[in-house]
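Across the two complexes that follow, subunit A remains constant while its partner is subunit B and subsequently subunit C.
Presenting the complex of A and B:
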């Protein structure tokens, strides 16, 4: 039993990161009804930028701020240049375009920073916390990750519920035509949505990088986990993305703990498939995932 | 002519004639070009085979799927497992050969395609893309779970099943000469040790051809004869880093120094999405006079499979089933009212495309003489998508153009890079950067891809 609890706790940190990436996917989905498969590509790219800043300045915080700015700019650029011009009816086109962006970003990162895995400095120490005579499978860094995730979620919730920008974003997500008629500048709202998603993704990237390594492809698997979490959460619910992100993290940690970490992708796949079979609209959502 | 086409079965005959003419031309080409060119032809034919399925799935049926790389993995692994482990065909008891192995690969592909199709056909665009993305990442990862059976990260080496005759005689002769020139090289013969890990094969020590040139005319001379021609999988789009190793065989005539040759190919990075394990085919290219060249056999096989698949695809796409797929894609409700089952139509598209994908995977396994999770990773799925989008989402001819583009562009970039002296890092990633940007441009400017744009152009001109 204690082991099970340990495995669960060990998954909280990665769960928070999956939650953040799922949150980024949900933000773009709410804004433009596009699942941005390039999201992890953007996060990878901004994390490489952060790594360069870190190497130059030696400050983890400056690097994080650099990644956040780069993430916002990248998100806005991609929305403005790529997804904005795609016709809203061409769903296949939008999906394919995001994969095109992903391929291009990964190639560009490989060009600039090379294809090898690079270590990202661990700023807060990775040793387990010992408390009440038990060595918990949580490190200080995990707590920092959870803290960042909590701050972002609270901040986004406040933006969405308490500001006029949030109201405009919710209105646009609900019905762009009606929002436009009510005086919302829809295209600007969409772009801001992508910028926010870029920021959340960038933070997730900087947070996940020290726990493994960073290379142009190293976040691919995170995309699968985050997509799983976002879909189970209903794809347009912030609460859903966060709670299901953490749930996915816990589940994968338990599966990896009892069997082997290489089972995690298959476990996520099974989870996603079961969800799409049994409750395709997700637990918190009201999308229709099925059409036939 | 128009009346002639109305005759029953006329279209079938027309398609058969077209495919047979293409096949006959390609057979002539195969006999005349050098092994390197045949290797490229084999790759193009293999990509085209898989992409005919993508045209049906993505273009006609409108389901964006990334799972076809994983389905190719299933085809490739089934081919490898059946050829490696079975001496005879179960139940029937006849001796196992390459054709039977491909039949098993095809059956496995259809079964998995049915499974994914039943699951996926009910899903809308992004959900389906995400699910198949998970499949593309998850299924090759299964190989790591069963290292004993599936070879784990290093994969399985396999001997390409050869047609009767040619191989045995050549093998003996080949081995003799091989032993004379490089006595330490026996381990490289595929029959010696099928489980040899690729990195072992690639070290400069046991790589006798390291100082030989690949230029075909040189192969004829006795000294350079046993130049094992390393074929490297350009299948993995995402790890462009390991990619350029293909260029070693690309630039025929260039010296393959021990340093430059195995460099990129041997790196086995442990992360899931982007490993590229290069298949090494140590069997060697041989003298044309001896009558058997591995690359020529691989190319003829790949072309034959592509032609058969093209015939099936042509009949499906240009017949009733093609109209059914398009009808469901454009308006599922209207299609259902007309008596078509939308779900059935989508599942059938999945099954057909996975049949093609698994056949392509079996061919790919034979081109590489190797199967491994890296060769069939997410990158392969993405390159299939890239090829289909660039060539034209709904065009079979476009699929062939896309396949040519996938094989040609990296070589073109490489030759550019040699002229301009680009950094290796830039050269390796330039093809993917171009693919990514082209895909975005095509979606924005010409959703029909190359073929779609040409058709629009022709329509405009003829209208005037």
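Presenting the complex of A and C:
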């Protein structure tokens, strides 16, 4: 029993990161009704930028702020230069276009920073916390990750529910034409949505990098987990993305613990398949019908 | 304050619109005198909603001018309408199903909010004041229309006539000079119809109203001036009495041949 609890606790940190990446996917989905497969590519790119800043300045915090700024700018650029023009023609084309952006970003990162895996410095203690005579499978760093995720989720929820900007974003996601008639600057609102998603993805990237390494393809598997979480959560629900992201993290940790970590992607796939069979609109979804 | 005989607040001059090979509007010229209720009627497919779409900037005419508040408006942008003092309601209700009635109404005041992303994200005090002011204003309008107690409900939970009022409140919250109402009486029963009539009359002469409506009783009782469209052309105009007795109008509505 204690072992099961340990496996669960061990999944909270990675669950928080999956939750953040799922949140980024949901933000772009809500803004433009496009699943942005380039999201992990953007996060990878901004994490490399953060690593360069970290190497130059030696400060983890300055690097994080650099990644956040770069994430916002990159999100806005992609929405403006690629998604805007493509989406005017065709929505499914826009989803394919995000794959193109992902490949372009990975190629560009390879050219700039090389294709090898690089270590990202660990800013906080990464050893297990010992408390009450038990060695818990949680480190100080895990707690920092969870803290960042919580702050972002609360902040975004406040923006969406309490500000007129959030109101405009929710309205635009639902019906851009009517929103426009009400005086909402729709294209600006969409761009802000992509910028916010870029920020959330960038934070997720910087937080996940120290737990493994960073290379142009190192976040690909994160996309699989985050996409699973976002879809199960209903694709347009912030709460859904976060809770299902953490749930996915816990499940993968348990599966890896009892069998082998290479089985984690299979577990994610089974979870996604079950969801699509049993409750295709997602657990927190509002849409009765949806094509992914 | 100007009377019904005043100059036009809005006028369209020789507007032509062609959509997928069809001439939807064929040289339409109408004017809406300031401080009046003006009606735009005509059989289905006459082009009434297209006239609204031209005024709202959703459809670009191939030729012709839209003149509003003394100036020719070349490039009308939909999101700037409320800033220009123009509000539009849609056929049906056009409410956001996932937003509360109050939030739907607040949205109509979007153009009044000045603070941007950064200050809103950081919850700067003035953004709270702005959002709060918008909420108060929205509740005021909802109280005027008698729907304030429904503020927190979702549109789907409200009876249709109440949903229509929420849509009206959203159009009113930005304090418009010109209201474009697309079938305000659609789906509304007799008792609500009288109230709607009183409501529309109470807005003039402070506001000017242009409405598209099929419900003839309402049009005849509420309008000062009526324009009649048929097949993309103006076939008649005048007071309700003049229009009622115009043979061309009767022919268009009854589908007789030889309509002018």
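The rule is simple: the second predicted complex is superposed on the first by the 284 of 292 C-alpha atoms of A that agree within 3 Å, B and C clash if a C-alpha of one lies under 4 Å from a C-alpha of the other, contacts with A are read in each partner's own complex, and residues count from 1 in each chain.
To be clear about the criterion, a residue touches a chain if its C-beta (ideal position, glycine included) is under 8 Å from a C-beta of that chain, and two chains touch if they have at least 3 such contacts.
None of these values were measured; they are calculated from a predicted model.
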When subunit B and subunit C are modelled together on subunit A, clash or fit: fit
Which superposed partner A:167 touches (first subunit B, second subunit C, both, neither): second
Subunit B or subunit C, by number of subunit A residues touched: B
Which of subunit B and subunit C A:231 touches, first, second, both or neither: first
Touching partner for A:56 - first (subunit B), second (subunit C), both, neither: neither
Touching partner for A:192 - first (subunit B), second (subunit C), both, neither: second
Subunit B versus subunit C as contact partner of A:119, first or second or both or neither: neither
Touching partner for A:154 - first (subunit B), second (subunit C), both, neither: neither
Partner chain in contact with A:182 - subunit B first, subunit C second, else both or neither: second
Subunit B and subunit C, minimum CA distance [Å, superposed model]: 19
Footprint overlap on subunit A, where subunit B in one structure and subunit C in the other make contact: none
In the complex, subunit A residues that touch subunit C: 155, 158-159, 162-168, 170-171, 174-175, 177-186, 192, 195, 286
Subunit B-facing residues of subunit A, complex: 29, 34-35, 37, 82, 85-86, 90-97, 99-108, 110-111, 114-117, 215-218, 220-221, 223-224, 227-228, 231, 260, 262-263, 265-266, 268-269, 272-273, 276-277, 280, 288-292
For the subunit B and subunit A complex, residues of the former touching the latter: 58, 62, 64, 66, 119, 121-127, 129-131, 133-135, 137-138, 141-142, 144-145, 237-242, 269, 271-274, 332, 342-343, 346, 378, 382, 385-386, 389, 393, 425-426, 428-433, 435-440, 443-444, 447
List of subunit C residues in touch with subunit A within their complex: 56, 58, 78-83, 88, 90, 94, 96-99, 103, 106-113, 116-117, 120-121, 123, 127, 130-131, 134, 170, 174
